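Each of the next two complexes has subunit A plus one more chain, namely subunit B in the first and subunit C in the second.
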Partner chain A sequence: MSAEALVNGALLGGLYTLVALGLSLVFGIMRVVNLAHGIIVIAGAYLAVVITRQVPVDPLLTFLVVGPAIFVIAALTQRLLLQRLLGQSLEAPLVATFGLLLVGQGLFTFIFGTSPLSMTAPWAQSSVNVLGMSILTLNLVAFALAVVVIVATQLVLTRTRFGTALRASAIDPATASTLGVNINRMHALTFGAAAAIAALAGIVYGTGLSVNPSDALPLLVLGFTVVVMGGVGNIPGTLVGGVLVGIVAAAVGGLIGPVYSPIAVNVLLLILLLVRPRGLFVRTAPRKPRAKAPVNEEVAA
Partner chain B sequence: MTLAACGGSSGGGTSSSAAASSDAASASASASETTAPVGEPIVLGTSLPLTGPLGVFGPPIQAGYEQAVKAINDAGGVDVGGTMRPLSLVVKDNKSDPTVVTSTTKSLITDDGAVALLGSVTPPLTIPFSVVADQEQIPALSGLTPTLAWKGANAAGWKYAYDVFIDEVEQTTVNFLASDLVETNKKVYLFMDTEEDGKAMGALWEAQAGKYGYTIVGRSDFPPGTTDFSQFVQKAKATGADVVIAQVIPPDAVALWKSMKALKYQPKTAWPEKAGVVGFNQSAGPLAEGASTFGWWAPKNGNVGGQAVYDANKAQFGEGLATAGVISSYAMVQVMADAISRAGSTDPDAINKALGETKDLATVLAVITLGADHRGVIPANAVQWQGAAQPIVWPADQATAKLMAPVPGLAP
Partner chain C sequence: MIGSTRRTVGGVAVLLVILGVLLYLPGHIGRGPQEIILNLLIWVGIAQGWNIIGGIGGQLSLGHSVFVGAGGYTLAMLMIQSGLGWPLAIVGGGVLSAVLAWLLAFPLLRLAGVYFTIGSSAVAIIALGWMVTWEWTGEARGLNIPIDSLPGRNLKFQVIAVLAVLSCIAVYLVLRSSFGLRLMAVRDDEGAASALGVSPRRVKGQAFVLSAFLTGLMGSAVAINQASIEPYSMFSLKWTVTALVMVIVGGMGTLWGPVIGAFIIYYLVDRSLEDQPVVQALLSGVLIIAVISLAPGGVVGLARSGYAKVRDVARRSRDAATPATSTANVPEVSERV
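Take a look at the complex of A and B:
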């Protein structure tokens, strides 16, 4: 195993981060396990495929259209479907998002078939020499995007009034509501923003690799893995989780063989769940339990 | 036997004489001259990968089955003991999932009353399909699964399941013999996935290389769904191998090819086997140019009516192996219908016995004989993605284009 392999693996973790971030946001703020997250990633990729077939532009530029489009669709879905279910039971949103996953898979299979499709971009088919190492440009782009999105998300959450309201709605929705925070609106915006980030991940994924409807489930699993490693709702932790998955996969692939990479990632996940059940970078619960301690305080961190 | 529509003809042996037309198109055209089938439909069941990672293979297979069934029915159906009976095809989606193959195949038998089964593609799907056929004692015929891996999955020998396709020993010579068309350093790097065919084919390429003067200089094995191939591509590049052979599913092949392109690794010949067979030009875009794979149908391989089926489908499935997949599937219906007709009954045991006696049956695919090991081996060739088509580049007597090398799609 070479340093080059580790660096490429770590940078590819940026793509994993992009895939996972929306999942973390939605769970952290809305307390909803969004099983449709993978299909949203796929939706972003397919929409970009459609656009690039009509207009020969760099796939990343399609985000200017794909991002807002997916944001609106997702926000509407949240308001019209999930919002109505949130108060019903814990299972209802879970089942609903699973239904969305199945509907999405069926829809995309009907429209695009099951053959993988991919987009062409110079950055997905080139590499650069850094300190004697060949680094895939795809990995650099994915990592740079992940850092930008993570920093932007963290800044919005911690440095803006909107972010303050969002955190308040996550920590104590009832109190936030009495203080004038529109919880439903916050949830819709969160779901929309998470979907837009997922769509960006889809564009990178569909350009660097390929896209087909059956990718939705593996992407969801990948997202969960990264989120759990970084800590649910921990935004910077998502980046660390993504990078960790990339490094472990590359290291084990190089040292033992790629057959063992997914096994190693899953074993690491299990160990972390045992040792740090709230993720690597979430502070453990205080020794003296506080009354009505918010379970999702990390979102506001 | 009366099997007017399928273009099949028995060359002797235990197959009875066929009122076969010279090709499928003319046979279909003559349908108006025949009487419509009157008997109870004969249910044929098939479990296909219409979705999932192998979903790209489902539509051409389904098309072949449906077209053959229609042609046979249009020409009067199948003569079963003096009664002309129509064929009825039931299709279920197995989602490319072996466990779903098992459940859907059982459902075809118990819920839909299938008296014979038609298979799909690749050992991971065809083996569980064949297991169900043997368990339920229903004759089953597959037309797109390498026969040795399929045969090896049942050491005791298949009883009701049959497989008509290339023999992997022969298939794994194609890469070397076709690579001989250009000057290479005879070094080969293997990228194998961990599915049954990846393991089996990898071992065969390793075993065969030396016989043809090639050396396997490296091999990487990985699970389906791998996204980061960079360090393994670097390893392959470091060996200087002029020939790359990859036995991987389509999404992985796209990822691998993009990684090779990004890392400026341009072999003389590159073989995305399995993945490159169907739709690779759409999946990988310009990178697919020059990717080669084995093929299994050629206009001049002794088939009867294959060109008509090819011409009728090339607009939809392209000039290449997807359309050859239609032909293979079409031929499986021909073989099964021939067996049912010779059995004179829809009793599964009678059909199974007749199926096992299939000998020198001229179909749209090739002349087919099913051996004692339940395999029907057809010859392999080599095709290469050139634009949107896959012309045959080897062997010379069947070639329709010249092999392009080094692989243009991977040019730095």
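Take a look at the complex of A and C:
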């Protein structure tokens, strides 16, 4: 177990952050967990694969096409399908997004088969020397992208009128709506932006590692683990959560064996749900001696 | 129990008559149809197990493959390692799954619905990853149960019929019990239910354990049916996904929904698309999206609202004929089962 492996794991946590951020945004603002989130990551990767096969460009550049494309598809799906289900039962959006997951998996298996695909880029294979440690460039790129996206998201949410409206629509949709915020439009934009960020994660994922349709559910759980660790709707927390998950995965992979690091991420989620279900950074209210309050999630973002 | 005891006894009696017919079948029908009904019964049992927590309890579990696998592996290990007979080994499979669910309820049921859904899928991923590398249970190679210690073809059919009908009876009794009412109250409005003194975590936990017990029994049945088991099929997510699709299409939280759903999905869809698993997955996805957005009650829900409409029309025409007698239209309490 070397420091090198841990640092690489921490930086790869940037990728986990990118996977998780969209999930956190949608959960925080729409109160919906998008079970199809993992398949959107994979959709981004596959779209980039298709483009790089036709035009020999750097995979990251394909985001200029893939991002807007996924944004539009996701926003339309939200507007035409999910929005109608939001007011109904709690299960309805879960069932619908699970259906989308199955459709996506079926579609991608139909088009691309089940064998893993990946893209090549000059920066994905090389490594640089930092303080005597060999750091994979891919991990540096993933981390840098994560920092940029996190800072941008946080600035949009806290420093713009749009972000204020978005937060208002998350905290109190009824009041925000009477003050002129178009809730449906906010939700569609959030869903689209979350999907575009997931697609970016997919491009990095497909370049450094490889994708196949059955990764969708493990990616969803990975993203959710990061979200729970950082705290729902806590944008900077997502970055910290991603890095911590990256370190845990690397540590378990180095100490016990690489086969166990995917298991470790899932075990980590169970442990978190058991001991810190609201995230690592949430101050718990002083416990009242008797009556336990019913579970009410904090309103996020 | 809620409602009249006589009605409950009557309902159970109907299910027992169906069981009687099923027990009579082997030997009186062809090999092919018997095989189809056997598989259908396995799916009915698994769908009903999922229905208790997913349909009646409204907690979408993506982890039920764990209980199918745990049931099957427990049966196989008990029979191979300790030479236990299959009847007790089946019970062992159910009990181990129930204990597992009781333990898992601590992390999974701490927070509201979605945490349960994703946490349970994490459990499914852990279980598959673990079983593939666990030496004691034969790693990826799996286990072979000695054929001569297993029941024969006809007895096997009867055992699985008993288990499937048992899970239907369990669902029926839950729907007609005060426990079921508490569970549905928590599903429909957790805050209101807990304000009325129902502990959501406790009720959901009990439903989860019962659901896992029935699923574990069915998992044992699957192992008896296959004789040789391996982790990739026993702990496959396909168990959960198919059961979920069956329950949603048939009608969540109803007695006949999972039975109808199992028939539609297994007999009409999966068997006719056997060589095209990709189309199966696509169709399942489209089907549940369509059902949840157009007819959230599934087939049973559609049938009920259709029946209510017909009854309304009939009553209105009767009222029109004799307007003096029925001025006060007391809304009827709708029957749930």
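Quick notes on this structure:
Here is the rule we go by: the second predicted complex is superposed on the first by the 262 of 301 C-alpha atoms of A that agree within 3 Å, B and C clash if a C-alpha of one lies under 4 Å from a C-alpha of the other, contacts with A are read in each partner's own complex, and residues count from 1 in each chain.
Operating definition for what follows: a residue touches a chain if its C-beta (ideal position, glycine included) is under 8 Å from a C-beta of that chain, and two chains touch if they have at least 3 such contacts.
Note that the coordinates shown come from a computational prediction; the quantities given were computed from them, not determined experimentally.
When the two structures are aligned on the shared chain, A:218 is found in touch with subunit B and with subunit C. Of the two partner chains placed around the shared chain by superposition, subunit C is the only one that A:277 touches, whereas subunit B remains out of contact.
Look at A:105: by the touch rule set out above, it reaches both subunit B and subunit C. In the superposition on chain A, contact is made by A:259 with both subunit B and subunit C.
Contact with subunit B, but none with subunit C, is seen for A:138 once the two complexes are overlaid on the shared chain. In the superposition on chain A, A:208 makes contact with subunit B only, while subunit C stays out of contact range.
In the superposition on chain A, contact of A:269 is made with subunit C only, not with subunit B. Counting contacts by the rule stated earlier, residues 105, 109, 218, 259, 262 of subunit A appear in both its interface with subunit B and its interface with subunit C.
Considering their complex, residues 27, 33, 35, 81, 84-85, 88-92, 94-96, 98-107, 109-110, 217-218, 220-221, 224-225, 228, 259-260, 262-263, 266-267, 269-271, 273-274, 277-278, 294-297 of subunit A touch subunit C.
If you check the complex, the residues on subunit A that touch subunit B are 1-2, 4-5, 8-9, 12, 105, 109, 113-120, 124-127, 134, 136-139, 208-210, 212-215, 218, 246, 249-250, 253-254, 257-259, 261-262. Those residues of subunit B whose C-beta lies close enough to touch subunit A in the complex are 49-56, 58-59, 95-96, 194, 220-223, 225-228, 230-232, 234, 250-251, 254-255, 258-259, 261-264, 278-279, 282-287.
Taken in their complex, subunit C has these residues touching subunit A: 58, 60, 62, 106-108, 110-115, 117-119, 121-123, 125-126, 129-130, 133, 190-191, 194-195, 200, 237, 241, 244, 248, 252, 278-289, 292-293, 296.
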